[in-house]
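Shown below is the structure under consideration.
Chains: A, B, C and D, in written order; residue numbering restarts at 1 for each.
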Amino acid sequence: MKPRKIKRLLIANRGEIALRIIRSARVMGIETVAVYSAADAAAAHVAAADDARPIGAAEPAASYLNIAAILEAAHAAGADAIHPGYGFLSERPEFARAVEQRGIIFIGPPAEVMAALGDKVAARHIAISAGVPVVPGSDAGDLEAARQFAASAGYPILVKAAAGGGGRGMRVVGEAAGLATALEAAAREAQAAFGDGRIFLEKYLARPRHVEVQLLGDQHGTVVALGDRDCSIQRRHQKLIEEAPAPGLEPVLRERMAAAALTLARAAGYRGAGTAEFLVDGDNFYFLEVNARLQVEHPVTELIFGCDLVVEQLRIAMGERVAEPPAARGCAIECRINAEDPAQDFRPATGRVIKLALPAGPGVRVDTQLEAGAEVAPYYDSLIAKLICHGGGREQARARMAAALGEFMLLGVRNTAAFVREIIASEPFARADLSTRFIEEHFPRWSPADRDLHDALIAAALAANGMLGGAAAADGGTNRGASAADGAAAHSPWTTLGEFELWGRR
Amino acid sequence: MKPRKIKRLLIANRGEIALRIIRSARVMGIETVAVYSAADAAAAHVAAADDARPIGAAEPAASYLNIAAILEAAHAAGADAIHPGYGFLSERPEFARAVEQRGIIFIGPPAEVMAALGDKVAARHIAISAGVPVVPGSDAGDLEAARQFAASAGYPILVKAAAGGGGRGMRVVGEAAGLATALEAAAREAQAAFGDGRIFLEKYLARPRHVEVQLLGDQHGTVVALGDRDCSIQRRHQKLIEEAPAPGLEPVLRERMAAAALTLARAAGYRGAGTAEFLVDGDNFYFLEVNARLQVEHPVTELIFGCDLVVEQLRIAMGERVAEPPAARGCAIECRINAEDPAQDFRPATGRVIKLALPAGPGVRVDTQLEAGAEVAPYYDSLIAKLICHGGGREQARARMAAALGEFMLLGVRNTAAFVREIIASEPFARADLSTRFIEEHFPRWSPADRDLHDALIAAALAANGMLGGAAAADGGTNRGASAADGAAAHSPWTTLGEFELWGRR
Amino acid sequence: MKLKRAGDAREFEVEIVAREGAALRLRIDGEEIAAELEAAADGGATLRIGGRHVRIYGMRTRNAIFVAAGPAAWEFVAVEGRAGRARGGLAAAEVAAPMPGKLLRILVAEGDAVAAGQPLLVLEAMKMETTLYAEGAAVVKSIRAAAGAMVDHGAVLIEFSRAPADPSARESDPPGA
Amino acid sequence: MKLKRAGDAREFEVEIVAREGAALRLRIDGEEIAAELEAAADGGATLRIGGRHVRIYGMRTRNAIFVAAGPAAWEFVAVEGRAGRARGGLAAAEVAAPMPGKLLRILVAEGDAVAAGQPLLVLEAMKMETTLYAEGAAVVKSIRAAAGAMVDHGAVLIEFSRAPADPSARESDPPGA
């Protein structure tokens, strides 16, 4: 509880979130220590940190989930604080406890609060005690109890992991016959992803919205809410597109939900940044869970409040007080770009970045670990970039996102950019007809438009004939006095885009 | 005065500002038409626009200053509005007039207002009539009158061009002997840059700050001020670093200056976006000039007000009303990156971009036309990128800018990034000891630190020995199943960074 | 030339008919298309077509042609022609890993007869499970990887022999060859 | 190897002494320096040195070694060694354009004797005027460009002969050769 200055922060994570945390720590004058697996030695978060330590093999269990190796790296690097990011160890109370036991500050809630809230079953009980509505459900994990609950509540039924989030270990079961298989698969996925195979059941709502409230609690007992986010656009329970504020909510509902989130957080003695998730169904809302960490989609809140939530986390950890936020300004939308092939049932994609163009300009933010030459390996989450756009209103934010996606180009790793662009440009999204069924209702089996396929075929034909592409860097050779001659020649692609054929080194 | 919808906007400019305008037009659903000189056929603004038209040879007089060619392009492309950006034709009343005479909307003030305010001598007279203080000066352009004014006011004396801005055609004269040469050189530069060689004289203040007020005026007579900016960090009268709000001003002074700017704008019947520039000397402020266009440094205002000034310009042009701005939030700083070699007396640099890394993340915006392979030609302004950072307070914005400059990397074109980073990191800048003498006082003859030179020599030795560099794109060849083997190999630069030697094509 | 998307059997016929300055004419599956092409500084180009403009970029590697058209990224394989190595015809003879990952479970054994749509293997990549199914009736000739192993993209996991309905061909040529 | 910055006569001696894994030892002008080097995905590397870390990138071309260390970009020339073409020695024999631009004015004529520091030419690039001065006493042998012309980087604009103080050498070898 006493104020402690953080001088050297270890980030127990990888990818865009590690990079994003490093940036905020640097702004606060805090030195940063990256950790990396064998697959990430050349990754952007390693290059960005003041110090970097290897922690094990590529598999998460050997590295980013390896508590002993991370604590050893923290000791060796002289870190006095650890930020867990999201995913990996971010919601493991035993990690938070082990960190604090070493006298190192853990950036997050106390282990016992995390244990109570991070466990979805326990969190439901806290919510019920605090008078916050919850979705009808059962924490019965065995098959027989599950059958009984499902029969009484009626199918479809949602099977969820007690630990963790991000849609992993989650299954919708449409009829009794699929229950056993779903329980087994969900438990296995949850065990693999979170090291905790416990599951529970919930009644499956027909067409709810997913709305969540951002919370910040300090060591002095103050908890504030930083508005809400709508994260209804999901695929297989994974959020794809998020926005703040949640559009079209009745002010009364919005206030009741924020109040419920604050009640819950205070009841649990919450500290740090956290998120209370709700399902909204008409005029009703139901508590889902508290994510006791930074969310992937936290930037949309940052853009409308003009704040830096990682800075807030670090300040809270150093004993500073949180303040009531200013009024939110405008609207922000985030699109996640995943290394998945949307045309092939969102199969995970891997590869090396051949060419990357990122959008920029007013109101556009990109959080990504990608750079030319970066490797997208199969070991980790498929999230490879977040595009976040701000606008004076929702329509401006939406138009800006459509334009930003038009500027995005990533060659070498198949990804969901073209898919999310179609969603952003779609009429249902434009009128904010949001529900967690959005994708299955409007984009059930996506394949690229014929027009896009034709464009791609033209590019492929040009590339195959040596009329397109090549490495810009390999072109910069003489770099001198080239202006006059090249200026004229640049009119014709046929003279400047000469033959380029690459056979690789391997 | 009647509302007119803009459907297709021609941008009579190039570089970062053309790109930036295209982005905002797209957000408003307005189609965009780029124009380009022979040197810019492969430039980013051309690729970004919906349509693109060549307008002439590389020299500005033949293309970006070629009114006939631009009007012809607008006609051929079906543009119903023209945005002039900054520089080039942006403050030429005859251009504004010619555009409107074709029934095309000019994005800017009416030609007659531009003529009155854009002319610094006439603007001084308007200010004097409106009771706004001005620097003691004389609009006498001939040598004898100049000598008389200088003798009475005392040296040093400032020689300035009546037209245009950006420090061109400006000279400080320390003693009577230099007056004739300075008048001649200034007139020649002004003639070349603005097509108008008229000059005037001002008393040279000892250690003033440059502070300016952003204005927006609509067609209905409403003019509002969007706070102020400090642009004191200048070299040869060219702004290098700007920030909003101007730090450390007494609230009373700030209010008086904003009021003076509004008085001036209303007296002149101003419309569109414009900037009133002042010198601040202790508790006094003096009107300098009105820039009747978008300023290079407008993004710092956008970041603290959460607005888009190009969108505002377009709305105003369509007859919409301006509103009082919300309260500003936080602080924003802009660093200009120029293609000049700071170690060789800021000699203009040209070349082709071999490698480019741009900063990103929360609170960071980059406006630039640069991309890998882009050519920086000698024909145009040396401004090649603007880094703009926002923070909750000035110190956070400053720390973020220092970090952002640390992420910036541009190979192939010598530039001022390392120089501005030293300014940002310096103690005088940190305590906001700002004046237009800042550079000559603190960085009179800059050369890179030995430490930086050593780092560079190490990199050069590695590159010369084939141990560093190469084109990432040329590395992406096989792009498949590379993860496991490469993951391990990536530990050692000696295995992955193999021999790379480039002999160019020419 | 004939192109197909990696992992997709559908073939497209694309020919560059003419080019003159920026003007470009192509034929895609018999349909003629006119466009304009402007080189961009980064080695890519801007394609202006039907009132739209699309930034394109392409790179040919040994096995594939990677292209981007706007935010959409594609991977094509030349079915014939100098840059291509035909991949067709053998699809049903084996099951290859569609991505690198961990082979979680093997649901069949050597000698098993499998039916179209029957689950064969479960792979895990990026924390998601992906099940691979049989494309048609066949008999498992050999299983080339063990459960728990990390497998590379394209690694052959199962080889088939002909379906048992044709016993004479058993253990011989794969179906569809 | 010996390196100098383009446009600067000062020479530096840099040697890579040893490397072992990420550990690197170098010698710069006799001073030994230890650092760690980690390859980055983009072909560059991270240099960790004296508690700092710097992102570096380099590319050798025919004439120069371009490097970046953090935001600072440099252009070196190898004074000796396989990648280098010595440029020293002839500096005062001619005046070359330090950048591409427009030759605005020529302030001397052929045959003129010039003194050190005397203005010779005015170039314009990026709308700024740059004056080129004589490095030492010399006589203008020939003027190789006309006022108003666009000149390329490195284009020779003026050739000198020896200073008139040594009449025997007039019209012969340039000084300092």
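The criterion applied here is as follows: a contact is a pair of C-beta atoms (placed from the backbone, for glycine too) under 8 Å apart; a residue touches a chain by one contact, two chains touch by 3 or more.
Given the structure is predicted, the values throughout are model-derived calculations rather than measurements.
Undergrad: Can you list the clusters of touching chains once chain A is excluded?
TA: one piece
Undergrad: Among the chains here, which has the CA centroid at the largest distance from chain A's centroid?
TA: For chain A, the chain whose C-alpha mean is farthest off is D.
Undergrad: Tell me which of B-D and B-C has more C-beta pairs in contact.
TA: B-D
Undergrad: Measuring from the mean C-alpha position of chain A to the mean C-alpha position of chain C, what distance in angstrom results?
TA: The answer is 29 Å.
Undergrad: Could you tell me the distance, in whole angstrom, between the mean C-alpha positions of chain A and chain D?
TA: Computed from C-alpha means, the inter-chain centre distance equals 49 Å.
Undergrad: For chain A, jot down the residues that touch at least 2 other chains.
TA: 41-42, 350, 353-355, 357, 371-373, 375, 377-379, 406-407, 412, 470-473, 475-480, 483-484, 490-491, 496, 502-504, in rising order.
Undergrad: Would you pick out the residues of chain C that each touch at least 2 other chains?
TA: Within chain C, residues 38-39, 41-44, 55, 59, 61-62, 66, 100, 153 contact more than one other chain.
Undergrad: Which of the residues in chain D end up touching chain A in this complex?
TA: 38-44, 46, 48, 52-53, 55, 59, 61-64, 66, 100, 150, 152-155
Undergrad: Could you please specify the touching residues of chain A with respect to chain B in the complex?
TA: On the chain A side, the touching residues are 19-20, 23-24, 26-29, 38-42, 48, 54, 58, 299, 302, 306-308, 310-311, 326, 329-330, 350-355, 357-358, 360-368, 371-373, 375, 377-379, 390-392, 396, 399-400, 403, 406-407, 412, 470-480, 482-484, 486-488, 490-491, 496, 498, 502-506.
Undergrad: If you look only at chain B, which of its residues touch chain C in the complex?
TA: Touch list, chain B to chain C: 41-44, 46-47, 49-52, 353, 371-375, 473, 476-481, 483-484.
Undergrad: Could you please specify the touching residues of chain D with respect to chain B in the complex?
TA: Touch residues, chain D against chain B: 1, 3, 5, 7-8, 12, 14-16, 19, 21-22, 24, 26, 28, 33, 35, 37-39, 41-45, 47, 49, 54-62, 65-76, 78, 81, 83, 98-102, 124-130, 153.
Undergrad: Help me check something: in the complex, which residues belonging to chain B touch chain D?
TA: 168, 185, 189, 192-193, 339-341, 343-344, 347-350, 354-355, 357, 377-382, 405-415, 417-418, 421, 448, 452-472, 475, 490-494, 496-497, 500-504
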